[in-house]
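Below, chain A partners chain B and then partners chain C, in two separate complexes.
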Partner chain A sequence: MGKAFGAVLIIITVVSTAVFFFHDFGGMSLWLPVDASEHGHGVDHQLMETMYGSGFLFVLSQILLGLFVWQASDRPQGWKYRIFPGGAKPMVISAILLVGIEILTLSFVGSKVWAGIYFTSAKPGALPIDVQAGQFAFYFRYAGVDGKFGALHPDKIDEGSGNFFGLDPRNDEAARDDIVVATMVIPVNREILLTLHSKDVIHSFYVRELRLQQDIVPGLMIPLHFTATKTGRYEIVCTQLCGLGHYQMKAYLEVKTQEEFDKWLKDQEAAQ
Partner chain B sequence: MSEAAHQHGEPTGFIRKYIFSVDHKVIGLQYIGLGIVAVVIGMILSWLMRLHLGWSTLAIPGLEKLSPTGAPANVMTPEYYLSLMTMHGTLMVFFVLTNVPFAGFGNYFLPIQVGAPDMAFPRMNMMSFWVTFTAFLVLIAAFFVPGGPPLSGWTAYAPLSAVGESSGPGEGLGQTLWGLSIAIFCVAQLLGALNFIATTLDLRTKGMSLARMPFSTWAWFITSVIGLLAFAVLLPACILLVLDRVAGTSFFVPGGLVINDRMQPHTGGSPLLWQHLFWFFGHPEVYIAILPAIGIVSHILPAFLRKPLLGPRVLIGCLAAIGFLSYMVWGHHMFVSGMNPFSAILFSVPTLVITIPATIATLLWIGSVYGARIRFSCASLFCLGFISVFISGGISGFFLAQPSIDTYLHATYFVVAHFHFVMGVAAIFAMFAGIYFWLPKMVGRMMNETLGKIHFWLTFVGVYCIFMPMHYLGLAGNVRRYAAFTDDFLAPLVPVHQFITIAALITGAAQFIFLYNLVWSRFRGPKATENPWQATSLEWSTTSPPPFDNFGGRQLVVHQEPYLYGVEGSAGDYVMQTSPETVEAH
Partner chain C sequence: MKIRHLCPLLLVLLVSSGLASVPVPPPAGGTVTGKITYTGTPPKMKPIDMSKEPNCAKEHAASPVLTENVVSGPGNTLEWAVVYVSAGDQGSTPGTQTLKFDQKGCQYIPHVLVMQVDQPFQIVNSDPHLHNIHPLPKINPEWNKSQPPGTPPLTEKYDKPEFISVKCNVHPWMHGWFIVLNTSHYAVSGSDGSFTLKGLAPGKYTLTAWQEQFGTQAQDVTLASGETKNITFTFKALPY
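Showing the complex of A and B:
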């Protein structure tokens, strides 16, 4: 029975690890999608470091367990048990050393990556975009020609007439040229500053290729800044359970070249 | 002192003996029985959910009868999927993972392992169970009310859970019942925790010093302390949530919300406040589930290794350290919640540090297996399986503890894999080990080992087939809590979900082998002797099952450490805790 346990455990360990390693199966990728943001490299690097460190601990501990159980099955009647050389001390020391070093490096390096995304503010000149989430859609607002966002009036929100943000263009000059769209379009290699807010329950802003996830909490205006480095069309999905349509709550992010973006923006302004 | 606690005589009527019993053993079995009912419901719910995730348009015969609106023409609606998911999580976390390893086994064996005739407060103990049972009925009632069960998940994030039915089906009466049920559950846990603490501190028999208590007793004791602090926070949080729903308060709901084009009457509350209160309970809750499991496994393992564990005091120190640190880490559930990003670092560091005591405990088990001649039984196999799944579940914690990685993996299937392995599967393996090990003591009959081993192998391989692929899905960016994967990005991953579903159906079916074995053994199993496993702790110094006052009027005197295996004693290769003989160190 011990040999069976050891063998099954080692097979499980090898197969589990192999899938992480190969992760591409006939067009189905079980790995992170392409990284399209400036800070994404740091996130991916941190993830790989953790993958190697904890993968080593995973394989080592499972195989040791399997091996010891395998050995334990062949022993004769009346066997006098053996104590692990050195007793508990090597266990305590190796746990503190191995895991300690692992977590020290991870915390230092990882905190830097986190700080790079969240502790800094956007540089002047970043393109501001206002994001409103609601059951079950995202809407995006650009300031328009005047560069100013109109104020938000929750009591004026009316999905039927398309006033998703609750703008008051009649009395509020700044709101008149605000551009409201359902797809977020941004220029590549330019910093974007989002202001995230929700009109009803908690939603989340998740773009896999940007390695970014941020809850959108009603009552809070949450800033989030990033720079996309690859043109393309990516999904923005909601990751915070928000009700029955949660699984369909998504929008698209289109990263265009500066020229394409300028043209797009002009077209939008003209359409207002 | 112990005499005074147990002056009531053995009851003779059926109701006082088996239903409203003050006997901790009956209460322990009631908790375990309730846990089994809850786990069967929870597992069937997971089957339904898994079927829907694999084949989202599949008609499941009979589902319409459970909910005509939730499953018209037997096909589950997205909102009904979320309701089943909410009920699955709530049942499993509260009524299985908290009830069985802690309240169930703890009630039955804590008094016996310290040599007491009953709990310190037997009537309060009876009340704890019946309050828990009430909480269970209130929760189950949510299936049958208009709108159905809540859909806000077991974490019930406000404002979705607080603003009422306009925010979604099930968010009416169903969600209110959820809040009430959990509040009632908290009361029962608080009473139970007080009882466990008082019993451990005051009712130990002569010679049972703290250092001589078995690992399981230590684990139940430490868990009680954690529970006392954690449930004391969840209780008011749930009351505030219910008040927001029914009394028009705004603890968790900010002003200016517009739902279905209607302005909400609330103003001034904070959604993050609910998350802080919930996770201040919620993270220690993970340890409320896993510490008793660790204690049970550490208690059972030496009896089958026939040697003591390495570093017993270190292990108890690890349990205490985990318990202490469990209060400093709740914010790691909230890295991307919108709280101050500086605090993410503060919560990340203790989260990573908590892996040190957990790693030490794991290495102590592995090192203890070295050089043993293992007696392979269902109980020992589930203990060894526990170590393996505990490692697998613990390792993924390294990723999620780091905010910079969590920003990608948060709310993906990677998280689902992590907590199911480390909290769900590991604790369930400990429960199985506990039942195979202790059922002979609890009902006086042995379980069938052949059926048990078939159950073990199917379960062990099965859980890896279910939960290991979820890590890959998470890395690929597969978001959790989605009723179906319809969009371009997720649709290609559906074959993996179908594989998981098939694995879950087979593994789930294997659990009926266990249930059959349990029922068959209860009535037809071979009679158990007083000490069938040749184990050393006090529960094996009395008849199987023990008499009403546990030791038939005797007061046991403890002379030994709890795990003297592999030594020459008058009984064989072990020395009972009650044996007065002198033992030489190995």
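Showing the complex of A and C:
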């Protein structure tokens, strides 16, 4: 009976690992989604290292567990078990060292990738886009023809009239041609510099395909830069529980070719 | 005086008072008609991007909805302005009919709902997704209610006159108005900017016109019995 249990454990481990690796679940692969950003490969590399390292250890420990069950079952009375040389103490110490070294290595390598994305500044010439998060939507602002953003006046925010950012076009010329949209449109292969801010509570800007996630804290102007490398339409979602309508807080990111983007921008400028 | 002597006197009094209230035909109601117009350049209304709510984006895919704070018609006229008797009101009747305020295609319909103090109104969600209606009164109590799809209508009323901006917490572009008045003499201008106030007894009135972007204007009108007067309210529009 004990041997059968050990065998079942090993079979379950091997089969489920194989399914995880090779089945595509009707297109819903369990592997990472497409990476559409310049920095994404670093993040993906880090995730895969972690996945392979911990996955290998997990599968190995399951198989060993099955083998031990197999080996230790149906033994005659008085059979002597072999123990780890030196007993439990050296085993625990070596386990702590092994796991500790693995975690530290992942953290050091990971922090380098992280710093490469978040602790560097955008190159000159990056396209600036202002992002306002609020319960429960994102809005995006482009500087318009004059290349200057109008100043923000939170007291002038009037969503019903379309003044999501609190601009004052009557007194502020720079604000008159600012383009405000609910869908973020960007050109491919050009660096984008976002300035994220929130008008009410904490939100988070997350685009899965860009491997980007950044909290938006009220009162702070948070810069975030990236370059998209694949055209397409991606979802921007809020990943900080921000209230009742949190699950509906999303917008779309459209990555277009430079020509398509120029045309789109011209149309928007004309509509101001 | 004995009570029995009083009886005939009381009878006479009763009969005479009854006679006094025999309905004399009421004076025929006066009417004020007119238009709401503007001079100058109003701000450009912008198309609303509803991509965050796929149901609504699909519904308006053919012609995007524009913001509604200045809805102008032919000949520089203005829709959704409210004209009401702000002084000299007489003969107002309480509003008892239940009004309807719909949330449909991520818009408030009507954009401006005029009601009387204590008049009930129903808030309906006709969309297949959640709305969260949040009127912003300063005098009346403020509330903020969620309506998942299929929820029965909410019935509400306000007991003080006020102009209340209405927003949806989930769809920030949605914008409407609750106009709570203490008169039954009011009208909302139509798509050609015209309005009609009927059944006004003879007298001197102050009429006020309100438009959400341009504020209010008032005019005095004196009406004789059955008279019809035509007036125009002209707002000064600025592009920003």
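In this section, the second predicted complex is superposed on the first by the 236 of 272 C-alpha atoms of A that agree within 3 Å, B and C clash if a C-alpha of one lies under 4 Å from a C-alpha of the other, contacts with A are read in each partner's own complex, and residues count from 1 in each chain.
Methods note: a contact is a pair of C-beta atoms (placed from the backbone, for glycine too) under 8 Å apart; a residue touches a chain by one contact, two chains touch by 3 or more.
Given the structure is predicted, the values throughout are model-derived calculations rather than measurements.
Colleague: Going by the contact rule set out at the top, does A:Arg211 touch chain B (first), chain C (second), both, or neither?
Modeller: The first partner, chain B, only.
Colleague: Answer with first, second, both or neither: which of chain B and chain C does A:Gly166 touch in the superposed model?
Modeller: first
Colleague: If you stack the two complexes on chain A, which partner ends up touching A:Gln240: first (chain B), second (chain C), both, or neither?
Modeller: The answer is first: A:Gln240 touches chain B but not chain C.
Colleague: Have a look at where A:Ala182 lands relative to chain B and chain C in the superposition and call it first, second, both or neither.
Modeller: Once the two structures are laid over each other on A, A:Ala182 reaches chain C alone.
Colleague: Quick check for you: in the superposed arrangement, does A:Ile202 touch first (chain B), second (chain C), both or neither?
Modeller: first
Colleague: For A:Phe136, decide between first (touching chain B), second (touching chain C), both and neither.
Modeller: second
Colleague: For A:Gln248, using the defined touch cut-off, is the partner it touches chain B, chain C, both, or neither? Pick first, second, both or neither.
Modeller: Both partners.
Colleague: According to the contact criterion defined above, which of chain B and chain C contacts more residues of chain A?
Modeller: The larger set of chain A residues in touch belongs to B.
Colleague: Looking at A:Ser94 after the superposition, I want to know if it touches chain B, chain C, both of them or none. Which is it: first, second, both, neither?
Modeller: In the superposed model, A:Ser94 contacts chain B only, not chain C.
Colleague: Of the residues on chain A, which ones does chain B touch that chain C also touches?
Modeller: 134-135, 159-160, 243-245, 248, 250
Colleague: For chain B, which residues count as touching chain A in their complex?
Modeller: Those in contact with chain A are residues 77-79, 82, 151-153, 157, 159-160, 163, 167-169, 171, 254-259, 261, 263, 269-272, 305-307, 310-311, 314, 336-338, 341-342, 344-345, 348-349, 352-353, 355-356, 359-360, 362-364, 366-374, 376, 381, 384, 387-388, 391-392, 395-396, 398-399, 402-405, 407-408, 410-412, 453, 457, 460-461, 464, 468-469, 471-473, 475-477, 479-489, 492-493, 495-496, 566, 586.
Colleague: For the complex, which residues does chain A have touching chain B?
Modeller: My answer: residues 1-2, 5, 8-9, 12, 16, 19-20, 23, 27-33, 42-43, 46-47, 50-51, 53-55, 57-58, 61-62, 64-65, 68-69, 71-73, 75-76, 79-84, 87-88, 90-92, 94-96, 98-100, 102-103, 106-107, 110-111, 113-115, 117-119, 134-135, 154-155, 157-160, 166, 199-202, 204, 206, 208, 211-220, 222, 235, 237, 239-248, 250.
Colleague: Mind listing the chain C positions that touch chain A in their complex?
Modeller: Residues 44, 46-53, 67, 69, 129-130, 132, 146, 165, 167, 169-176, 213, 238, 240 of chain C touch chain A in their complex.
Colleague: Write out the stretch or stretches of chain A touching chain C in their complex.
Modeller: These residues of chain A touch chain C: 134-137, 159-162, 164, 169-170, 176, 181-183, 243-245, 248-252, 271-272.
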